[in-house]
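Take this structure first; my questions come after.
Per-chain residue numbering starts at 1, and chain names A, B and C are given in the order in which the chains are listed.
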Amino acid sequence: MMARPFAVACGAALAVAVAFLALPVVAVFADAPPRDLVSALGDDAALDALRLSFECSALALVAVVVIGTPAAWLLATRRFPGRAALVTLVELPLVMPPAVAGIGLLAALGPDGILGGITGRHLVLQTAGVVVALAFVSAPFYLRLAQAGFAAVDPALLEASRTLGAGEARTFARVAVPSARAALAAGAALAWGRALGEFGATLMFAGSFRGVTQTAPLAIYERFSTDLTAALALSAVLIAVSAGLLLAVKLATRDAVG
Amino acid sequence: MRWWWLIGLALVAGCGSGGSDDLKVSAASSLKPPFTQLGGARFSFAGSDQLAAQIRSGAKPDVFAAANAKLPDELYADGLVEQPVAFAGNRLVLAVAPKSRIAGLADLVTPGVAIAMGSSSVPIGSYTEKVLSGLPAAQRAAIMRNVRSREPDVAGVIGKLTEGAVDAGFVYVTDVRAAGGRAEAIELPAALEPDVTYEAAVVKGSGHPARARAFIEGLLSGRAAAALRRAGFLPAP
Amino acid sequence: MLSAELRHPLRGFALDVSLRVAPGECLAVAGPSGAGKTTALRAIAGLLRAEHAAVRCGAAVWDGPGVRIAPEQRRCGFVFQDYALFGHMTAWENVAYGIRPTRPRAARRAAATALLDRFGAGDLAAARPRDLSGGERQRVALARALARRPAALLLDEPLSALDAATRADARRALRTLLAESGAPALLVTHDFAEAALLADRIAILEHGHVLQEGDAATLAAEPRSAFVASFTGATTLRGSATRRADGLTAVALDGGGSILATDEETGRVAVVVHPWDVTLEPPGAVAGSAQNRIDATVVTITPAGNRLRIGLQAGQPLAAEITPAGAQRLGLAPGMTVLATWKATATRLVPEEYARARHG
């Protein structure tokens, strides 16, 4: 008796959610004629921005995965004092406003920062700084999902591996990682998407300069006030690529279920 | 079920009322120090070009205060704002860290010096380009080679300087003043100084045109004018 | 020879066992859930760090004073209760996991397939675990456990994940495993029948202690405690025993009735009767030589192999096993009253406090 109105309410909520999320995406593609979009992409600065975005986000992703995977493994499989606090700490950038992240990075790695003596001018206003900013904001996405993925691996599988002569390293590489690959892939996709879209921390920490630090989101922001079509074109490309990324991950991990 | 309705009502009421009586002012970043001392309005600070683009896209603040005349004039020509009024002037300076070894534009050509300036479309950026276009081509090229960031607003430029990311930045003298002791201003040659005129306009479609006009008049002679003076803004040319 | 002395605190009691298994021998550790069986097995495998452990396998010391070998360095083949096959690998890759990775892939595949063949699973080599049935998965798990040529075999409830129909085939596969490997095997189960069928010797574990150790027949026929008796499937009736002048012991059963036994006991006892020693007759039948006669009501009739197990209620529960033909002749049906008879010589008496003294 109570189910009908409830089901209708849920359906309405879903419709609202879908409309809300899909409308801006659709609008980007609908607002400018395709011809203008394509010609705006011929702009060298736009291409530079896209190339920079992909290179920096890919590098950031590699760093996050290489360092984050063993770290997530440790967090998932060991209990040690302070573990809960550590987990909260590495998830902090998730809830941090990007501008705050930028300030934090400056305070730590900027020329006047704590490690300023070592990093100094090597990061700020440099492409390397962009990679650092992207890694900082996207790492928690990966760590969270990787940790959950490892924790969900049947402990009997890990023990079986040990009894078959594999030490912890081999167990990690040959059993844990393949068993958790769906979660790892999802985490990587999420992290990559976050890195591609990062704006505030990049602007504050690395600055905005064409070909060096002006990533696609920064280029979109700059074009918004002078050339809306170009901004739309870049946005459309970013949306298309992000969608492609998500799709690729879904396809690749399709058989990983079960 | 009753409490669901209460929450819903509260949300709707909250959305509706949230300060709709306050005047909405979109102002250039450099106006932040004097304007935040004023009450009676809600301010939105960003690069003037960003704010103009928002108005073109349909945003309707009550007042638009820009760091140049070009943007308000263009909006006026397109019928989006009422006639702009010039209300202040400013000076461009070269900002450096305290005790910097940079003493003037000549020191900016040295390779390895890091400079920040505004992007082309934001007033501070176009003013800076005008200054540099007055220099000999070789010097201008050398300085541009040292530019490491084109910021979307002047707050970004002064920020990069005070953080130590760059050695020098082109900002307004009022920004150096607002930075306290963390930056010093180097005057630019008078011949290169551009005409910096701040214009404000009432946005067409504003909900409070009378109060908007009153606010702009206050910029010329009133509390707001005094605040501008204190911050180091020049009177309108 | 696999020898293990283990002490480890568990919930409410402590595990304290000393086990020895000779090469080629299979020792079953049987007991109820929570008795500590799996804990002991995991401690021997090195998957659990026991509070005190002295484990030796052949000449190798796995756990000892100042020594604790990691599980991957103990050459033991562990078969998990749910087999723990790697889902992302094929059957042969699972088996080959234990083979030294330095050998070329083709050689490892051949060796793995050969192992699978020995369990009749050679044609499953390229299949993935999720496509295999329970019985097929068990064979792969067994082949995998042998891949390392283990010095000891540890099996955790190897048949419990299978349905009754598959269990017969699986038992055969297990016997192949035990015969092929020749290593000492330790098997853990909560099912006495399973232990009886697979193992040479059985150790009954309860509350962390081994109550009795021996072969299946001895444990069933000469249980040393009420617990062992009921675990091995015999019926236990409670009562008070007194010696009679003619040398027999009379036991006044709780719930009514009295029986005779040849064992010499006094005081509170548990009376142990095997279901196959109990004969059922129509009520009021003429007395035979069986001294013990009790009126009982039929509660359940359950097929057990080619026999019928009859559950009876006579103030206390009692069980009898008779042939289907015999049941038919009696016209046996639930609710009927019958006369349950058995010989005094077939009656074992076990002092009740013996069962209680060991563990409070």
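Just so we're on the same page, contacts are C-beta pairs under 8 Å (C-beta built on N, C-alpha and C of every residue); 3 or more make two chains touch, one makes a residue touch a chain.
Owing to the predicted nature of the structure, the values given are computational and were not obtained by experimental measurement.
Because contacts link the chains only in sequence, without closing, their graph is best described as a line. When you average the Cα atoms of each chain and compare centres, the chain farthest from chain C turns out to be B.
Taking each chain's centre as the mean of its C-alpha atoms, chain B lies 85 Å from chain C. Centroids built from CA atoms put chain B at 33 Å from chain A.
Between chain A and chain C the centroid-to-centroid distance comes to 54 Å (mean Cα coordinates, whole Å). Shared interface positions of chain B, defined as residues touching 2 or more other chains, are absent.
Within chain C, contacts with two or more other chains are made by no residue at all.
The part of chain B that touches chain A in the complex is made up of residues 47, 49-50, 52-53, 57, 114, 116, 119-122, 147-152, 156, 159-160, 163-166. Chain A meets chain B in the complex at residues 106, 110-112, 116, 121, 124-125, 203-204, 207-210, 212-214, 221-222, 224-226, 228.
For chain A in complex with chain C, the residues that touch the partner chain are 154, 156-157, 159-167, 174-175, 178-179, 181, 256, 258. Interface residues of chain C, counted against chain A in their complex, comprise 45-47, 70-78, 80, 82, 84-89, 97-98, 130, 144, 147-148.
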